[in-house]
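Here the chain labels run A, B, C and D in written order, and each chain numbers its own residues starting at 1.
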């Protein structure tokens, strides 16, 4: 079984190595003439103001949060889906309960106005 | 031959690093990451034990632990966001509204 | 043994009722107009009371021998009298907490608060019933997450949000250390069920078991706020909304003791010599440090925080005794402590509503301002202090007797000395109420109806149990035999 | 032999990333080191015959959870808040605790060789999602459903704490 992963590992190593080779190659090939204009974030257009660390509204955290929780929920679906054949109706009921609770939570948050984007 | 002891020693090491980090860092976010590292070390111990004993329970436990960790992160970061609104910091030394 | 689906469900019937109640409340909350959110408190009380009824019936069946204890859900939970009695404690604490929350100004009109409270009670019920490591960890975390959120619930008040974060960081840290201990146990034995761990541990070298045991006790020690895992307690108790503080100090602590007792007796019987020594040391340090640090406190919530640390020390004495009497004494103590402590916190909530502060000196002149309230506080304090003939005295008597029976005379003596120290600061509070004068004496104290219910219930409970000490003791004894 | 080399190589990376995570001053770098550490542990899970757990580790932990971390670090602009502690007593305490934890655990392992030797190769359908799913929905139904409750309250509670002052707030 592990042989299968060895191939993946080799592939990973190879792709990293390739990346290194390409970077090195360009390091030798490219001309090095830095000037202030080149170091600007945008070469043309409006001058940038402040730095790139702008803070955005905490409201958006809620979306990231709900994404994480439903990501976890999705992970539960994988073993359920493959075990479904052996278990039948019980599995359906159990998963339905699981999903209903979370769906209820989402509807609740929505209804309470937590998901307004603006 | 890699034995269970190897894995348990590695997980103990990772756990210890996390625990020390928890005590010496001041940024609440990094403190919390140290806890995640510790959880991860515990997970490694569970899966290693599960493998060497040929039992599935350890893997299931880790599955649940990962789920709990996700919920913990959601809650912990929400608390930090809430504090940041009023205090503008996540440095635990500056949270002095309560004395120890 | 193949259980019927009903037998499976029966073992977690109170939890099922609570989930349904929480779901119902979500629906109600979503459609209830803004001005009527206070009614959700009654819905929450209704849900908890329904679960309490179910639990009481189940407990009666188990006590009467109509139902026999068994393990359900593949050995995840156990349905026995101890689990049911602990559920009664959690549910009662939940109902009384909701009642004092309903008119606590900052908390009014929030449905999420009650839902979180309901779910944390659910988790506690499972903590008390859990008999394998997976269930233990999950139940503990469910309770933990709900309580972190409740402690930080008033997010616009910096103190509350900070209390929430502090509780969260230390809670997560200690539960992770505990998880590592569980991982070690699993690594050493390959088992996750308590009973089979107990068998497998018998053949293992003591240092290995001891290491795992110590790590696990960090998690439990945090839950029951035993010294040296108590340092979060005063800050969190002070910063959290007062009703939540009451709930954490009572229900969360009781849940911690429920898992502690079950895990020690069912999973670590072979390491008993080790954990008895640890428990005795913890008990001694916890009550001494708690009492000594309580003396200089001027803030009522901090005083009650240190007092509750000290009370945990007394309860630990019963566990250190490691005998049926000791366990019964601990359960007995927990039941009484729930009523006494919630009564004291109910007074704190009412006074915060009136004065806006939590200092002890604001209780000055309470005996003239509101004689009934002062009397309720006095009853709670005297009972917490263990003054005869109130029931708190019998609770202390039982744990000390258990210690002496198990040969821990020194611990019993230390306990008695501690009780005397504790008496001093309880009397200081009583003095503020009865002797000190205040210019505000003419202003009446407004007590809402739900809060009035909590006061009546707890004080009447303390007085009634003073009369019914023996039946209560018998019940605790029967529960202790379940292990 | 190859197995042993792979173990030490990966273990080295795991310890190095863990140390880097604790030491580095920038929170964003800490988070990225933690992601690396989580990925290495996922590789360990693969080696230990737990492909499903490895997948979950990558998808949930390294993927979603750490993204949430980075999101919050950047949202709060907290990447450079506070280095190590200003409280001097905490450093020796941390050192002692860390040493005690690591030493104690190692000691426990060295003293407890009995029953810790590996037992042959695991049964054939080991760690695949079907086996896990089957257990999850039979023996572990109760923990499974409790997980759903746990995620529910995490969602409700976190939304209360993180949302802009709603109709109930001030």
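In the analysis below, contacts are C-beta pairs under 8 Å (C-beta built on N, C-alpha and C of every residue); 3 or more make two chains touch, one makes a residue touch a chain.
All of these numbers come straight from a predicted model, not from anything done at the bench.
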Pair of chains joined by more contacts [C-beta pairs], A-D or C-D: A-D
Far-end chain from chain C, centres as C-alpha averages: A
Chain C and chain D, separation of their C-alpha mean positions in angstrom: 30
Chain A and chain D: spacing of chain centres that average the CA atoms, whole Å: 17
Rounded Å distance between chain A and chain C, as computed from the means of their C-alpha atoms: 41
For chain B paired with chain C, centre-to-centre distance based on mean C-alpha positions, whole Å: 26
Set of chain C residues in contact with two or more other chains: 19, 134, 138, 141, 145, 149, 152, 155-156, 161, 164, 184, 187
Multi-chain contact residues (two or more partners), chain D: 49, 52, 56, 60, 64-65, 68, 72, 75-76, 105, 109, 116, 132, 136, 138, 140-141, 143, 147, 149-159, 161-162, 167
Residue numbers of chain A (touch at least two other chains): 58, 61, 65, 68-69, 71-72, 75-76, 101, 104-105, 108, 112
Chain A - residues contacting chain B, complex: 58, 61, 65, 68-69, 71-72, 75-76
Touching residues (chain side chain A, partner chain C) in the complex: 101, 104-105, 107-108, 111-112
Residues of chain A that touch chain D when the two form their complex: 1-2, 5, 53, 55-62, 64-69, 71-73, 75-76, 78-84, 86-87, 90-91, 94-95, 97-99, 101-102, 104-106, 108-109, 112-114
Residue ranges of chain D touching chain A (in the complex, touch as defined): 46-47, 49, 52, 55-56, 59-60, 63-65, 67-68, 71-72, 74-77, 79, 128-130, 132-134, 136-138, 141, 144-145, 147-149, 151-152, 154-156, 158-159, 162-164, 166-167
Touching residues on chain C, where the partner in the complex is chain A: 19, 23, 26, 29-31
